[in-house]
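One structure below.
Letters A, B, C and D name the chains as they come in the text, with residue numbers starting at 1 for each one.
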Amino acid sequence: MGYTAAVAGASGYAGGELLRILNGHPDIDIGTVTAGGSAGSALGQHQPHLTPLADRVIAETTARNLAQHDIVFLALPQGQSAALAEELDGDTLVVDCGADFRLSNPQEWETYYGTPHAGTWPYGLPELPGARAQLGDTRRIAVPGCHVTAVTLALFPGLAEGILEPEDIVAVGVTGTSGAGKSPKPHLLGSETMGSAAPYGVGGTHRHNPEIRQNLTTAAGQPVSLSFTPVLAPMPRGILATCTARFRPEATPSQLRSAYQRHYSDESFVHLLPEGTWPATAMTVGANTAAVQVTVDTSAERAVAVAALDNLTKGTAGAAVQSANLALGLPETTGLPAVGVAP
Amino acid sequence: MGYTAAVAGASGYAGGELLRILNGHPDIDIGTVTAGGSAGSALGQHQPHLTPLADRVIAETTARNLAQHDIVFLALPQGQSAALAEELDGDTLVVDCGADFRLSNPQEWETYYGTPHAGTWPYGLPELPGARAQLGDTRRIAVPGCHVTAVTLALFPGLAEGILEPEDIVAVGVTGTSGAGKSPKPHLLGSETMGSAAPYGVGGTHRHNPEIRQNLTTAAGQPVSLSFTPVLAPMPRGILATCTARFRPEATPSQLRSAYQRHYSDESFVHLLPEGTWPATAMTVGANTAAVQVTVDTSAERAVAVAALDNLTKGTAGAAVQSANLALGLPETTGLPAVGVAP
Amino acid sequence: MGYTAAVAGASGYAGGELLRILNGHPDIDIGTVTAGGSAGSALGQHQPHLTPLADRVIAETTARNLAQHDIVFLALPQGQSAALAEELDGDTLVVDCGADFRLSNPQEWETYYGTPHAGTWPYGLPELPGARAQLGDTRRIAVPGCHVTAVTLALFPGLAEGILEPEDIVAVGVTGTSGAGKSPKPHLLGSETMGSAAPYGVGGTHRHNPEIRQNLTTAAGQPVSLSFTPVLAPMPRGILATCTARFRPEATPSQLRSAYQRHYSDESFVHLLPEGTWPATAMTVGANTAAVQVTVDTSAERAVAVAALDNLTKGTAGAAVQSANLALGLPETTGLPAVGVAP
Amino acid sequence: MGYTAAVAGASGYAGGELLRILNGHPDIDIGTVTAGGSAGSALGQHQPHLTPLADRVIAETTARNLAQHDIVFLALPQGQSAALAEELDGDTLVVDCGADFRLSNPQEWETYYGTPHAGTWPYGLPELPGARAQLGDTRRIAVPGCHVTAVTLALFPGLAEGILEPEDIVAVGVTGTSGAGKSPKPHLLGSETMGSAAPYGVGGTHRHNPEIRQNLTTAAGQPVSLSFTPVLAPMPRGILATCTARFRPEATPSQLRSAYQRHYSDESFVHLLPEGTWPATAMTVGANTAAVQVTVDTSAERAVAVAALDNLTKGTAGAAVQSANLALGLPETTGLPAVGVAP
């Protein structure tokens, strides 16, 4: 048996990570790999770490090349997924690592992306309540943004159980450079990024803002307000989301911890660390895991919740495969690395 | 003419940075250099970049060895400064890079440091209102903590002018590894720090908390509440403080910017960047400068203010020399690097 | 079925990498994990990336604790393996990642290690001619040094086929910091290693010298002379061996390439890259692979051969498991990552 | 007093380093700054660390804009200097950081650069015998290549005194990313360079080959043969040249060390380190210094000589200013940083 999967965007970082994971997946065979500008060249030129796939020739990203697969993973630049997806058969499982189908509110979409809203697909964050049922019964999956997953996993339990207040949430997402992609720009050069930390998308302008708010609103059952700032740090992979929300005066720290234990104790990939141990991105490099910790700062009357994950694995490609597993009826953890590469 | 300065803690990172700056200072000659465990060895063994000083032999850190200098810079581990300072002549300018004399509230000191409060010295952050007058008339200076300077410079103007609210301030300080010192610990190994971002002192426990609150309370003219989380990032130097405070509803973004312009337009070392440009720590490596930017996130009803500086220069040794210049009656910028080393 | 393996030195870098690989090995179960100073603590404290093993309690490294396993992997500091190995049953497969049993010449051992020679075990570099036969029939394996594997794989084919001259070989091994271990020393701090390249063990003093010569002498069928210099570079993992040897005047570049193709075309883990593509350590991070390339510099009358590998994987723990597979009669590639984590 | 200098290529890395140094030079004022694509924009956009110069507007690189200065520093892409220089007045001191005028052998030039040879200018490596006299009497200076300076300083004394043999020299130059410039290319992205070491220009094809040979031939008084391989390492700045040459059998190690002492004891910027201490690039970041060490590997019958320097400072812009000082009759060390920034 075995499903076949096509990967669009195979020369980029998300595409490469999809292929790395799929290469070890026992139930999915890698079919056609496609890209834009690098079509026609060997995959090994672009992804030299994927030695078993080095000789695959990259096809052009067209619906025709992607059809005839059980699964199509899309790891494409913003705005290219919708048109392609429309041409793909309704029976094909389409997993979009891009943003096109993440937001349910068309107005939020238009405000942040400036294009017409393409629609909303079931959301590829299985750890959210209700998500597994939705993902088990769909042929279309929208994989969350990497910062979004980190902030959501950090704050969800506390908001869902009414221990954290939904107003005035603040999050800072320290991220590695691979999230910015492989297209060369001066500020992404090694010379510029090594030795420097710098914020971007400051003041609520980053496109992950509405998506984080969407998830946290679901959690809290009421609208949230959020200040989110991403910070580029000198590392290739990893997101560390440092999040803080007001702690309800009537709650206790042990209630907070219990909430996180309840939500995450049965999860395979989200690990609430032992008390006193804080997440580091190095714990998660190459693994489909997230490490979470939470505490209360009584002086500030705020809880501080931190999540670390690999932006390309649990933050993108791992989440895509995890969600696809659910849609295919496979065990959720199939083929997913549970262990990172450290140091 | 020319003053002579002794440097205690010469084998550490702050001591090395003091010597780097003093080596280029036209009015201060480097006298005795002292340390603890490395006394008796050549400075070049510990600070191989300070080639002109390579053959200096490190003396033991004692009051006797430090006496007979016009200035004594102390770059010592926590809690060693007070006893030494007491033995030094009242006419000697003593500049302490440690924490012993930073806090004015003895109870805050005892809560965070667990030892009796040694006292309070004029505070070496000349950019704070009133600081220059104090520094111009003292023989004792307490140099601020590195995170403290970054957060203070980011938020001061907005709080001082009543545009930012004092309650519920949140700051995340992304910092390089040199702030953790040169004493080898497993989590500070290159293998552990490269490729990883990790928080520490989470939940309001970091000792810079009371000092930040002290400065921001002075700015706001009323008590502030603060959630501050430091994050270790894979770079040797630099602090990026991403700070957010609630924006008073009646204020406008242009008022906010004007406040920062007013406070910083005459400063030699604090640079409000052009609108749309955000601070990066790489702008400040090796320079006694801080880069600042501020904006309003209307959706979150918060201002976001960011400051970048080099934790060893403007964050420690540069601030020490800048303050010493004022105490000596020298032009404030004397001998201080205005330009960083990039890339 | 399924073998059980004990891992001694489980809190260190090589031990952690062994556990990472074994955790994914279908035929080997992880039994007792042991260490020295960290005995009694949870493995998760030392190897937080190994989440599935986080709650394992580390036992003390004693022969008694290691006995009762089919396989014992030793990842111990220099000189501890011999005594332990002697106490372990002759039927137990003992795989030593340390140096104790690598050298066949007692005098070389004593010159470089200063202790009596413990003996010589079959050598865990299956890609060497004859090695697989030896490894298939042993209960004792000496895993090569990481630099040694890189230099050997770079030069072996050219020497074995008489195209490269055995005199006056020069190799420079640029290596990441994890090779220096997890024991904290000042020069290994992140502050010191980031942004710096520095040689060590210069002048033929590094202990990998006699081992490289041993392998190259086997290849050439006559004694070689070698200048080898390791260089520490700011990366956690990886070795890049840049090797050069005189090119026999009567040989041609295409003969050289053919020699490498012949030796490596059937290898699962050693990849001769397409002409014009040069190895980078990033191609191999976390994989049990080595990337090799070779060319001729006619002006210098030398061939330049380069090999890249991950010092902890193909350079240590991967080689250990690969060799163990052979000794157990399993397919050689079982459980070994063929694909690295990049970027 | 007071010369004025124009800097062409002001938005690049070498141009930025020239401006950093000139900003602290007591006898040279910065005049016009020019560039190609970034002409018309503020310097601060491209060199945000140069805060005192942030508002300078970049002019276009034309002879007209560069004229009317006492000194013109050219930090331009390959092949643009010659035409510009021709248009500049013979009385103007023109210092070219590019390659156009470095080689004296037109055939070597054409082989490596593929264009007609523009000529040969006095060579800006004052530490070479005879160089100071030439530089003191010229209006045209060719600044050496960065790898070239490192390898030359490492080997010169041993070759000049006949202790090292000129045949079969091997050098590996580990270099930071800034040497590859600021023009964005995929392989120079932070995501690609962090965590990876990779050779380039292998097999004698790098353009610094003929220039190194030229210098070493001068040193040895006879032709040399050289295998040189550059290796890109994950750091923004720095070159570590690990060089080895055959040691003449009749020489002694102490003769070798004496040769280096003789050549470098009076040098301000080249430091022979104490025996047993090896150069690290971190010793030299931002300083116009080179650190050198040498030893003999008796088993290999080779000497190993290592030099570390900052490719942008002593490797380019610092050498340019040092040479300009000589041409202007200023003390050679004027305005040049003798101390690096570490850690």
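Please note the rule applied: a residue touches a chain if its C-beta (ideal position, glycine included) is under 8 Å from a C-beta of that chain, and two chains touch if they have at least 3 such contacts.
Note that the coordinates shown come from a computational prediction; the quantities given were computed from them, not determined experimentally.
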Centroid comparison with subunit C (C-alpha atoms), farthest chain: B
Over-half contact-pair match to A-C, picked out of the listed pairs B-D, A-B or A-D: B-D
Chain pair with the higher count of C-beta pairs in contact (B-C, C-D): C-D
CA centroid of subunit C to CA centroid of subunit D, Å: 37
Centre distance in Å when subunit B and subunit C are each reduced to the mean of their C-alpha atoms: 45
For subunit A, residues contacting two or more additional chains: 13, 177-178, 189, 191-192, 194-195, 234-237, 280, 282, 285, 343
Sites on subunit D touched by subunit C in the complex: 168, 170, 172, 174, 189, 191-192, 194-200, 202-204, 209, 225-227, 229, 231, 233-238, 240, 242, 244, 246, 278-282, 285, 293, 295-302, 304, 306, 308, 343
Subunit D to subunit A touching residues, read off their complex: 13, 176-178, 180, 182, 184-186, 188-195, 234-236
Subunit A contact footprint on subunit C (complex, rising order): 13, 16, 20, 23-24, 44-45, 47-52, 54, 177-178, 194-195, 236-237, 271, 273-274, 277, 280, 282-287, 289, 291, 338-343
